[in-house]
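Dumping the structure here so I can ask a few things about it.
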């Protein structure tokens, strides 16, 4: 059994890791940390885990974490970069679900995240954990930076178009909608049921932290910088991201459906839907899948890609476990066969 | 008191007319029709109206309707065009909340609505009931075609940019999100709580009936045909439309906030929010208001307009009453001072 | 115009008072206070009020409040009792939407609310503001204690049975369900959309602060102490309370429907539904109404009363305005004709 | 592998069987029937199953079903009793998720279900599939009648009290709340998102089909007929049942927590929560668990039991699989380790 630790286990990505790992055939959670909940049994905090775990939260401690084979950070930015270097040094594989190691340009990182980066060398070494792009590098990595939720949905949707230089890379528009769990488990007024349900709004239209990450990923795929307008929205539901991606075809073509199907033919967790489909976020609720449809309205030169994920699974904890599986040479799908809950 | 009739009073726009008119100081509902509910008291069907109406549904009958000063049609397309000509002939003002009289090009209408138009002369005469554009023509009209819900939100959002030829009119993108009441009160599986809640999806991405209506309106404003990609989405809530509108500025400018504020300075039902705001659909829930924000992300050449309405009010019944007020020379705001319900 | 002040205007009952009073024909809001939001315009905090108010929040100040004809307290317990005595002394009518003046037995009050009562004389004088019971006393009161939300729904449902001594008063069971707005606008984890939506739970089953208030009210109606089991539940919606009230008939009878209809025949805000109905909370959403059905399952000796209100309206702000209307000799329904929003 | 068939696979209990069985280590779904969807691949109807099943719906056919080791009926009442006798005759184990075989008194059954029973002998033989009561009989049964959703939650909650004759069995009150999926996937207006969300109501207060089933089960446990008032309510969420159960203790006692813990100590799917807990329905969303708390408010003689299940899992498909596991001598928990989805 692979022994894993989870730093920051009280947020939604932490409890989601626990949910997924509860049925993973080759992984055992040995340590879970939380400063605020020290001593509390996780089953007392998350009753859905009653009967699945006896573990209690402990204060983060590098010595205990160093006994693990792998450590997940499910923490706000700033935490992983303070602890990951020592763990990596001591041979622990580190998988960060936060933002510390996602962006290669650390000046850019500092501008968006408002702090200095304290682990520049590890940031340079870290592999961006989007298996559909970087599977081989992940296999041999010591440090994985899991993509953000929006960046996962947007990149998987745009990749076939961008990699093949089919669209004007200077005018990409990503109109994205997220369930409220994307805002985390913090007690802020805007996430109250009475504030966020029965309502829909944009936020961060002037600029959102996932913008530089998406541009970095698509820039790599395009081989040059891309221009992107990214507007995130809050939709009144718990889980799910829906990305509606607009771009302009250089040469209008009928071959887009085949292009997408081929690009993802061997990917276990990307599902290209039949032509004419509209993927629903509920079709991935709780499952580690990205479902994609591509459409060309009125057979014009604008192409629209619809891409859905569960932000907590393929957008966070599920993708993290997928990376773990690759890192340790397991079946990539191990523990990730969970079927989406529908209805 | 102005005597009004409502044809098709059992759907959501019908009951919403009743809710608004219950407190209108100068209007009395005399007739409400429904074939399926003949004889049923509306308060028995809609308990929120108990104590406000004693009226019962009757079978549609031109004689009885002709006694009214005005008749609203809250019906599926095809109904209004079969009855309106006679009513107009007999001096009744007709306000159609449906689609029969919205599109001037009747061939185009037939293509999208799948039937022949049977009242072409009245269609030619009908005034498109968007007061922010056509207030003067509405004043003297005999037949009003109320705009659709999406077209209201999209046109009000784009008008300042289009009327002033500030953006590339060939590449407009309207990414729109609607609550489920937009699908009506019909018993179809897709609108069940278990199918539509906790999920988000696009629909009609390849083409939606509101597309030609929006293009017509924006084309008039631009003075030439516009190019538009319109993707509607279903969001898990009852009421509200959020339109996120993208366009490319010909000359990037800082003056957009002022432009929007001036355009709508005298409009009682369009509210330009302060710079930096993100309008929430709940801020208009139950109210006859369109709230708009305009933003230029990263001060680039793409402009994003955020426009929200309650699809049943400013997108349907409220706008219909606003038209009635104009038609009969009342205060335009009469009966429309309802404050949005928040939370 | 009657000049009113609102102390504690940032919570849900405060904004609801503003929504209702915006269209009240004889009332003007002159002062609204909030320590935390001093200087903020209410329309900037609550965009639904844009266009309806220019007022800004000020720090609570007895001098300014003393200029009002009436002052509402929409505050946590402990606040009203510290300011009300001076205001009453200076001739201001005080209407407390909080808990300070609801319970006559101040020892009992202290036990449930965890503090000493600092205005025992005013507490003795205060009139319990349930117009359906105390209309005459309200008329001449100086200090009104508005009932809690659960107590309103439960008392109105039980009164016809208790006042007529038809049921065993020692074995009353009130199973109550509330929307999340009952928990207020405080940022606590349990009220987050991600915690409270798609779930249902009981809370405070061992004891809830509204229990002694309900027992006091029903005890007065019965002429002796009553026995009550009261279990509140949280239901995933914003507004609404549904009370399901069980009791055992001393003599099974067919006359319950008539009894309820007679008891409330002249009440403008209590609606006895037809036999066989099940009132829905949405039928009162935003409206100052309590709708009630009474049923005797299998014609047995257990009677079930179903009672619904909007917790923020008839359970708080609407009832407070109803009290204001009575206090100042206005039409009791002034400003309270708002129709429930449905759908 | 055990070969199973599912009759009526298009409803919510059908798709839930498919979700659970997709990861069952010893079961293979060979046949799934639907008259209306013949030829449609289930993954085209239920996109959450894409990648898990290749099967298409076929018309129900006894010959094909007779090749299965077990057949589930996920059908409206009346269907199972028409096909089950022949299947049982031919050696197929039949598990009915519908109502045909739940009630032993067929006259009573006819009164509540409005039709004659056509398989009285099989009804007499059928075993009521509540493993916590009938595990031994299930082991050797040919025909299993799975309990209804409300009856599961109510019986599991009351059993420790009733079996030990601790409460007045003549005055039981079960106030139950169900998510909307309990109403099935039929397209009826009352289950629309716009009708059922943001609202709460009782239904069937005068009498509901699950009443005689619950009374039968509790009557067996009590050794004599019980008196029960059962009021079901609709709560605005997809999944979950919360039963709040009231009864009067003959001798008030402190030992209830221990009593419940002992009664269910060896039950893999009943979880007695710690004293002072309030189980949330979301803690069982998607999982085959019943979580129970017991409380005695104010240490009085009324005992309140709170019991939650997922109506589609422990209240239907999960319990059906649990019965299958018992029938075929598998681990009772096989395929049922799914963790509830939270948040």
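As written, the chain order gives the labels A, B, C and D, with residue 1 at the start of each chain.
Note that in this section a contact is a pair of C-beta atoms (placed from the backbone, for glycine too) under 8 Å apart; a residue touches a chain by one contact, two chains touch by 3 or more.
A quick note: this is a predicted structure, and the numbers were derived from the prediction, not measured.
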item: Chain pair showing more contacts of the two, A-C and A-D; value: A-D
item: Distance-maximising chain from subunit A - centres being C-alpha averages; value: C
item: Between subunit B and subunit A, distance of the C-alpha-averaged centres to the nearest whole Å; value: 39
item: Cα-centroid distance, subunit A relative to subunit C, in whole angstrom; value: 45
item: Chain centre separation in whole Å, for subunit D relative to subunit A (CA means); value: 36
item: For subunit C, residues that touch 2 or more chains besides their own; value: 12, 181, 185, 194-195, 197-198, 236-239, 279-280, 282, 285, 343
item: Residues of subunit A defined as touching subunit B within the complex; value: 171, 173, 175, 177, 179, 194-195, 197-203, 205-207, 227, 229-231, 233, 235-240, 242, 244, 246, 248, 276, 278-282, 285, 293, 295, 297-298, 300, 302, 304, 306, 308, 343
item: Touch list for subunit B against partner subunit C, complex; value: 12, 15, 19, 22-23, 44, 46-52, 181, 185, 198, 238-239, 271, 273-274, 277, 279-280, 282-287, 289, 291, 337-343
item: For the subunit D and subunit B complex, residues of the former touching the latter; value: 12, 180-181, 185, 187-189, 191-198, 236-238
